[in-house]
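For reference, the structure I am asking about is given below.
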Amino acid sequence: MPKSYRDGLPISSDKFVDQLMRLKRGSISRRDFLGLTGLGLATAVMARELGIMPTPAHAAENLGDRMSIATWPNYHDPQTFENFKAETGVAVEVNVFGSNEEMLAKLQAGGSGWSLFVPTNYTISTYKKLGIIEPLDMAKLPNFDGKSEDARFTAEGTIDGTIYAVPKNWGTTGFAVNTKKLAKPMTSWKEFWDTAMAEADGRTMVHDYQLTTIGNALKYYGYSFNSLKQDELAKAEELLLKVKPHLFAVSSDYQPGMRAGDAWMTMCWTNDGAQLHRDVPEIAYVLGKEGGEIWTDFYAIPKDAPNKPAGYALLNYLMNPKVAVKEHLANGAPCTDARVNALLPKEVLDNPILYPAADLLKPLEFGAAATLTDPGRAELMARFKSA
Amino acid sequence: MTAVPDIEFRAVTKRYGAVTAVRGVDLAIPPSAFVALLGPSGCGKTTCLRMIGGFEQPSEGQVLIRGRDMAGTPPYRRPVNMVFQQYALFPHLDVEENISYGLRQARPRLSSHEIALRAGEALSMVQLAGYGRRKIHELSGGQQQRVALARALVNKPAVLLLDEPLAALDKKLRTDMQIELQNLQREIGITFVLVTHDQEEALSMSDFVCVMNGGRIVQLGQPSEIYDEPADLFVADFVGKTNLVSGKVARLSGDLVDVALADGTVISARKRVPLSRGEAVSVSLRPESLSLSAPGSGSLKGIVRNRIFLGSTAEYAIEVRGIGSLLAKADHVIGQGNLFKPGEPVAIGFAAGAPLAFPHANNNGTNQREDQNAEILS
Amino acid sequence: MRRSFFRKNLVTALLLAPAALWLVVFLVLPFVAIAIFSVGERAPEGGYQAALTFAQYANLPARATAFWNTMVLAPIGALACLLVAYPVAYYLALRAPDRWRLILLAMIVIPFWTSLLMRTYAWMYILGGRGIPALLTYVGIEDLRLINTPGAVLLGIVYGYLPLMILPIYVSLERLDRRLLEASADLGATPLSTFLGVTLRLSLPGVMTGFSLVMILLLGEYLIPTLLGGGKVFFIGNALVDLFLQSRNWPFGSAIAITLVLVSVVVLIIANRISTRLSGARRVDLI
């Protein structure tokens, strides 16, 4: 890890931990967490007592005594890294990020020092195109079992038949509704947008993220979540501009508003939906029947990883279902690995927010790299936000 | 004088917490007078001036201006104006704007024509015509002083208050301004109240000097009175130069006492307060009342230690055994008489009635302590 | 003679070198980098790719609303800040008892040591549904929404930037020669005209310093509108954050940043002019 991590830190480590604890309690969403603190390009070190323990002969390869991983806040069971260190002697430095864009920027700039990181599906092709990630050497990942993974997920990490990334979690983007304030049952994006201009006037939140906000506006008309067609985007813009004055906020930090009762309805990611519902039972999570987004986070190894053997070793360790199940219990998002799901308690698997019915999942689309990087959509978002 | 006094203090006391700065002052300043409040720093003189200006309120007693009790009247409603120490000119205004500041506050409003006219007159009065558009920081100390004067006088106050107005000027300028102030006061004919710690300034400019010490008025009188007939040892010592010689009362006869000095010499002195036989006294001997002559005559004998020749006069420091060093001042007449030289023995005589005897035990010490307290406050 | 002159200059240069280096590394270099970015193009995957084009500047009208919102917010925010700060600074400098002055100053400055983000989050909770509105339900006011309103943004701005406004005004009032106030009263000015004609006029350098400081910081503000305004009003700061961190359009973001810097410089120059003219002082300290 570069020594400079303290220099660039916009907030002190104490405050950072405060924020992190808030995040753990689920009152702030991960994308926001550090978009706002500006910590995106900085890092926090969670395991810093490095390599005092003797390194056991783990494999033929020398794993060294340290490595670093870039991941999301509140994404791992901290015990996992402790156990990994105990087993291999490799201390893991954890760097948390607020957005894929920031991860990309850091990796693109070079010298990130990461040996493993956690990109979301729609960024993998960009990483590949920029030549900054490695095709994975599957021989070094005996714990990974392609057969226990849903092909829908693994496909996003595979480009031209080569595996660049293996899936970890998946989730959906729907909306959360406070059913005490908005009693009528809702099942579609059309109802979401219409209600925002009627009963939920001044009480609705949409993401500060073009991919989902524009994508779900497109869904109002039944267009593709990933549409780049001028006329379809024009319709979506028209809708967004019409809704704008009725919104409570354009923000991806929607948990506080929902919990406080200021907001009654919001666009929402799976794990936030599960947390909100767990703590405030009247908040329901709805997947629009027109479709919307399904997403998956992956593990990948940067081409310039300083300690590839340790990167592979950690990735292989995390692919062990017994390890992975603890990870999933800690972060709450649904898992892509059937072997892990088999180990999860029944109430988790029965939670319709985490594991929705198959017919609801069917129309969902993965966000595309082109959708995310399209300048036209970025400008549309800017027009929407400044309207 | 039967006219209503311009300024009147009636039993005025001013306290700051536990410290009393002014105690029971009674004072009446007649119209058209030039009065100096004189005293060491912390004697209460500035506090008195500020009570006239309205910047301080008496703790007890009354301050009257032209017969009107000023209690509760804020500074901006009082018919007096002040020339502040270091002038307090407005740095953001030019000379003319400074001078017309007071005129622009007048209600009912004055016409801009009249304001310009009067400001112009005031400028010429202080010989600054043509300086109207200058910035304050572009002026010399003396010029700033004149602007401050003009700024105060342009409002035609009943009384002009001057707080150490010459303290910031060099000696030559100070002397010029002393004359100018005197002339101005005579021309305008209003009362000037000057606060100063410089006795020379007080004596040279004013019609009346009010000597203050320890928050009280010690003596009020014309400059010559103050100098010639000091009310107590403090005044004698503070106003002008004097030699103080200790002794004991040997004999009383009417207004005169015979005082036995430490070396046994007996001299005749006037007394200002009752004294008793055997009482320890200090005798004040003004340097100019000592006459020097060749040894053989006179009351005391001494040896010249230093001589300071000043042209019209010469000052001598004379060592008198058993008494100490005495300062003597002798006129020098051109072409006549030789000056005494250091090391020369001389005889010292006294002009009749010049020595003044005061009780030795005085409250000077306590006063000084109070002075310091008051100074911290002011 | 010549030699000692040379040596003197050398010493001066050496003494100034660290400061100059600091300026170059932390101010000039980033600025140059941004300037170069601003004439470049966005790479297809985002970021920067070399080019020489003024297309980004030509595209500035695409953020006209953001510029307009900012140009309205910054002066209004600074003015609101000023209206609150002046009486506080006045009290501190001219009225507060000496032994309280330092304590009061510390109370104003100390919260400033905490991150603005944290303090703004605190306001988010205070104004949010479980804060003041929850208390108001006890007196029968239901469903009042305070958060994500223009008022909340204004409050956040005033709260966040108050010390920056108070301190320079305090300093200028503290330096004010009290005898000028007495002189003004002595010359017949009522307390009000003394305040307007002397106190206010002479504290203008402080006012202008505070005003331009707050205004320039507000030109780049994005946190408070985001957190307390619900991100519904789009400021230049928000546009920059989006362009750099979301759509990764660095060249366009750089062009906006350069424009913003130029606007800030103009604001500073104007403020300096005004305060020099009004106070009549020979020299005006920027800060």
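Each chain carries a letter (A, B and C) given by its place in the written order, and its residues are counted from 1.
We take it that contacts are C-beta pairs under 8 Å (C-beta built on N, C-alpha and C of every residue); 3 or more make two chains touch, one makes a residue touch a chain.
All values derive from a computational prediction rather than experimental measurement.
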Centroid comparison with subunit A (C-alpha atoms), farthest chain: B
Central chain of the complex, centres being mean CA coordinates: C
Rounded Å distance between subunit A and subunit B, as computed from the means of their C-alpha atoms: 87
Gap in Å, rounded to a whole number, between the CA centres of subunit C and subunit B: 55
Rounded Å distance, subunit A centre to subunit C centre (Cα mean): 35
Residues of subunit C whose C-beta touches two or more other chains: none
Subunit A to subunit C touching residues, read off their complex: 10-12, 15, 18, 35-37, 40, 99, 101-102, 104-105, 108, 126, 129-130, 202, 205, 208-210, 244, 247-251, 253, 256-257, 259-262, 373, 375, 378-379, 381-383, 385-387
Touching residues (chain side subunit C, partner subunit B) in the complex: 177, 179-180, 182-191, 193-194, 197-198, 201-202, 278-282
Contact set on subunit C toward subunit A in their complex: 42, 44-47, 62-63, 65-66, 69, 115, 117-118, 124-125, 128-131, 133, 145, 147-148, 223, 226-227, 230-232, 234, 238-239, 241-243, 245-249
Subunit C contact footprint on subunit B (complex, rising order): 53-55, 74-77, 80-82, 84-86, 88-93, 101-102, 105-106, 135, 137, 151-152, 155
